[in-house]
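The structures considered in this document are given below.
Shared chain: chain A. Partners: chain B in the first complex, chain C in the second.
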Partner chain A sequence: MVKEIERAGIPVVHMCTVTPISLTVGANRIVPTIAIPHPLGNPALSMEEEKAIRRKLVERALEALTTEVEDQTIFEV
Partner chain B sequence: MSFKVVHYINQFFAGIGGEEMAHVPAELRDGLVGPGMALKTAWKGEAEIVKTIVCGDSYFAEHEADAKAQILAWVKEIQPDMFIAGPAFNAGRYGYACATIACAVQDELGIPVLTGMYEENPGADMKNKILIVATANSAAGMRKAAPAMAKLSLKIMKGEPVGASCEEGYMPNGIRRNFFEKEPGAKRAVDMLVKKLAGRPFVTEYPMPVFDRVPPNKAIKDLSKATIALCTSGGIVPKGNPDHIESSSASHYGEYSIAGVDDLTADTFETAHGGYDPVYANEDPDRVLPVDIMREFEREGKIGKLHDLYYATVGNGTSVANAKSFAEEYAQKLLQAGVHAVIMTST
Partner chain C sequence: MKLELGFIQINDIQFSKECKVENGTLYVDPDVVKAFMYEDDDVKAWVKDFSFDVAKPGESVRITPVKDVIEPRVKVEGPGGIFPGVISKVDTVGSGKTHVLRGMAVVTAGKIVGFQEGIIDMTGPGADYTPFSKLNNFVVVAEPVEGYQDHKHEYEKAVRLAGLRAAVCIGELGRNVTPDETQTFETPGIKEGIEKYPNLPRVAYVHMLQSQGLLHDTYVYGVDAKRSLTTILNPTETMDGAIISGNCVSACDKNTTYHHENNPVVKYLFEAHGKKLNYVCNIITNENVYLADKQRSSDWTAKLCRLLDLDGALVSQEGFGNPDTDLIMNCKKIEQQGVKTVIITDEYAGQDGKSQSLADADPLADAVVTGGNANQVIILPKLDKVIGTLDYVDVIAGGHAGSLRPDGTIEAEIQVITGATNEMGFNRLSAR
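Entry: the complex of A and B
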């Protein structure tokens, strides 16, 4: 799906936990996330801590969207 | 004396449980478990599974280095004649785990390996590194897959030459094997042409390589003026799943409004995905689709606007062809709506 969005001309960032799969499907901007059932959260933390982590991850995704890339790039958090 | 085999399977095939148990760490069991029986039957006593390694799919994906180290240590200790993983059919994380661990055993321990999966499984990406038997896309294909894997593995253990992929049933791995065709080339070519003209399926003898990569688009210059849309394959839908998006093998996607929504809650949204433990996403759907944070950024002026609509489907055994057509369609809607960039989340 990321590839079709990219093909349509819209820059897209893929946030996912299993980054090798994201590389296989052809995402160009990739942000690794926390875990498969809760990519943007962590139920072991308090609500505030969890939100802080989510904010950091989404912030990284926005950075990826504002960064020029030539090839598939993983934006480590 | 029969050959010794170590078999790798996931928590589902070991009978431990489905997604709710996908977090279980690797464990070593004596003898065969689950699908090992089908291999044993096909081997007719010439080979046997001495140990079975069971590992949760999420555990492997999330702790790859630890899982790999533990499994390699066990296999090194056992010194089997062969290491077999799966078959994984179309289970993405399982296929990835099978291919990754098989590759590690082969490269680091020098033990022959074999796995099996559906050709669209992401693990099949490693078909040039390890032998992968092509299987159907669901466990219903076990009756065909197990004998094919048993036959090929026995050949390898006996040190017999391995034939061409089309004879042995493994995925083409870029290594050419010579064999004699029954029909001359001219006849085969005309047969193919006749089939093609009649619109019937035919198998080419010289497949063209597929390089389906899309070059990255230009970065966003000014986020504070950009409209950003959220999309997900994690199955986040309004509570009650109004469009009945299937929990696996989704046939469609949903378009949902989040206009005026500040935060996704357990009362208003949920996941329709059947391929991961839904507890955390149902408790707080922002854990998959971060609407709450995007609203904060919108209020702070960091981004121009969060698009009023989001697009969601369930990426669980969903065919590549379906996923492609969903996104082809909604990408046009996003373009028409003037969306500048997309954040896609996956589970």
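Entry: the complex of A and C
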């Protein structure tokens, strides 16, 4: 899906946990997330802590989306 | 460490008031097994009742949903007991003598949780895809207490323990029986091995254990594998039940407890030991859902391979999808330490076999053994008898809405069949 959307000319950030697979399949902008069963949250945290993590991940993704890249890039959080 | 296995061939199972093994027949009283299972508090709390059945090779019988398959064994000499840290005390196993009831298994079945486990057909085309159709199966069908839906993990644990307890109870009947055949397995210490086989390549088995959680789990001496670091086992420890299955999802390529007890990679390495290679040890490592865990565990695997000065490693995966990354990370990092690898996996290449087989790949993974394509579609005929229930055939991993057809036949991917594409290479599917 990442590749097809990019082929249509729209930049994509792939937010995912297993970044090696993302690299293998050819995503260009990658933001690492929490865990496979819960990529954008963490049930072990309080609601407030979880909200903070979500905001941080989304803000990092938006930053990645507006950053020029020359090659496949992982934007560490 | 040295272990002698004494194999007692079981050709038939009969329900009887007297429990014994005589002339290749297991006579067993289900009430005795039931009472032994109910001695456990988890079983008492979560299992309302058990029913029992026997399924023999060639019978028109379908067992589903299957949770685990377990071979009954009993420790007759040496420290510890079968399933250490779970049923027996936690003492280290793998030495002395163990009796094996060969040709039979305990199969746990029944309503488990949301996604259900697999299918074992005792006859027809489905039987060719599961090794358990060739065994005399003592089937334990568990029924949960009311309200278990909010406690699925507790219920899974209760059924897991119940199956192991049934196997221990039956295994005990082989204690004083003279085995039909004995085999001895021994691996030396590191230094002794190098001195004894100076010219043979040093090879270890990297055994990846399913530990994704959410009912994809494995336990080692009672420790949840997802909470463990990569470590080393003597190969014979696996033969005494050091590793057990806690899986409930995607039956084709999850290792049942039976697979762990009879691991074909261990068997092959022992056959070649002292002749073609020097079998050093097993390295067990997990498949967790956090990237940091994947990195740490594969780093440790490669580190141990280097520390042991290996020449080669056989790496077996369990499951598919994100564990493909654990597999490739292990392979790549071990190769980068100068140790040659062969990986054993299976494929999800689509029903037409034309899609990418693994979710991850690397040029260093240049020696691959496959257990087959789990997406391959099969039609299973209606069989005369069902042990368990057909209620879950449509939602089992590999099934789809309409899998169970009005005429009683089943159309599904071979993913639904217990052990069909096993990644220890236990089954017979393969490809070149």
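Operating definition for what follows: the second predicted complex is superposed on the first by the 77 of 77 C-alpha atoms of A that agree within 3 Å, B and C clash if a C-alpha of one lies under 4 Å from a C-alpha of the other, contacts with A are read in each partner's own complex, and residues count from 1 in each chain.
Throughout what follows, a residue touches a chain if its C-beta (ideal position, glycine included) is under 8 Å from a C-beta of that chain, and two chains touch if they have at least 3 such contacts.
Being a predicted model, the structure only gives us computed values, none of them experimental.
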**OP:** Go through the superposed model and pick first if A:18 touches only chain B, second if only chain C, both, or neither.
**Re:** both
Subject >> In the superposition, chain B vs chain C on chain A residues touched >> reply: B
Original post:
Does chain B (first) or chain C (second) touch A:29, or do both, or does neither?
Top reply: first
**OP:** Answer with first, second, both or neither: which of chain B and chain C does A:74 touch in the superposed model?
**Re:** neither
**OP:** Figure out whether A:37 sits in contact with chain B (first) or chain C (second), or with both, or with neither.
**Re:** both
**OP:** For chain A, give the residues common to its interface with chain B and its interface with chain C.
**Re:** 17-18, 20-21, 24, 35-37
Original post:
Can you name the residues of chain A that touch chain C in the complex?
Top reply: 17-21, 24, 32, 34-37
Subject >> In the complex with chain A, residue positions of chain C that touch it >> reply: 212-214, 289-291, 294, 322, 324-325, 328-329, 359-361
**OP:** Show which residues of chain B lie in contact with chain A when the two form their complex.
**Re:** 19, 22, 58, 61-62, 92-93, 96, 100, 122, 125, 212-221, 223, 226, 228, 231, 233-234, 276-281, 283-284, 286-290, 292-294, 296-297, 302-303, 313, 315, 323-324, 326-328, 331-332, 334-335, 339-347
**OP:** Provide the residue numbers of chain A that touch chain B in the complex, in ascending order.
**Re:** 1-18, 20-22, 24-29, 33, 35-41, 43, 50-51, 54-55, 57-59, 61-62, 65-71
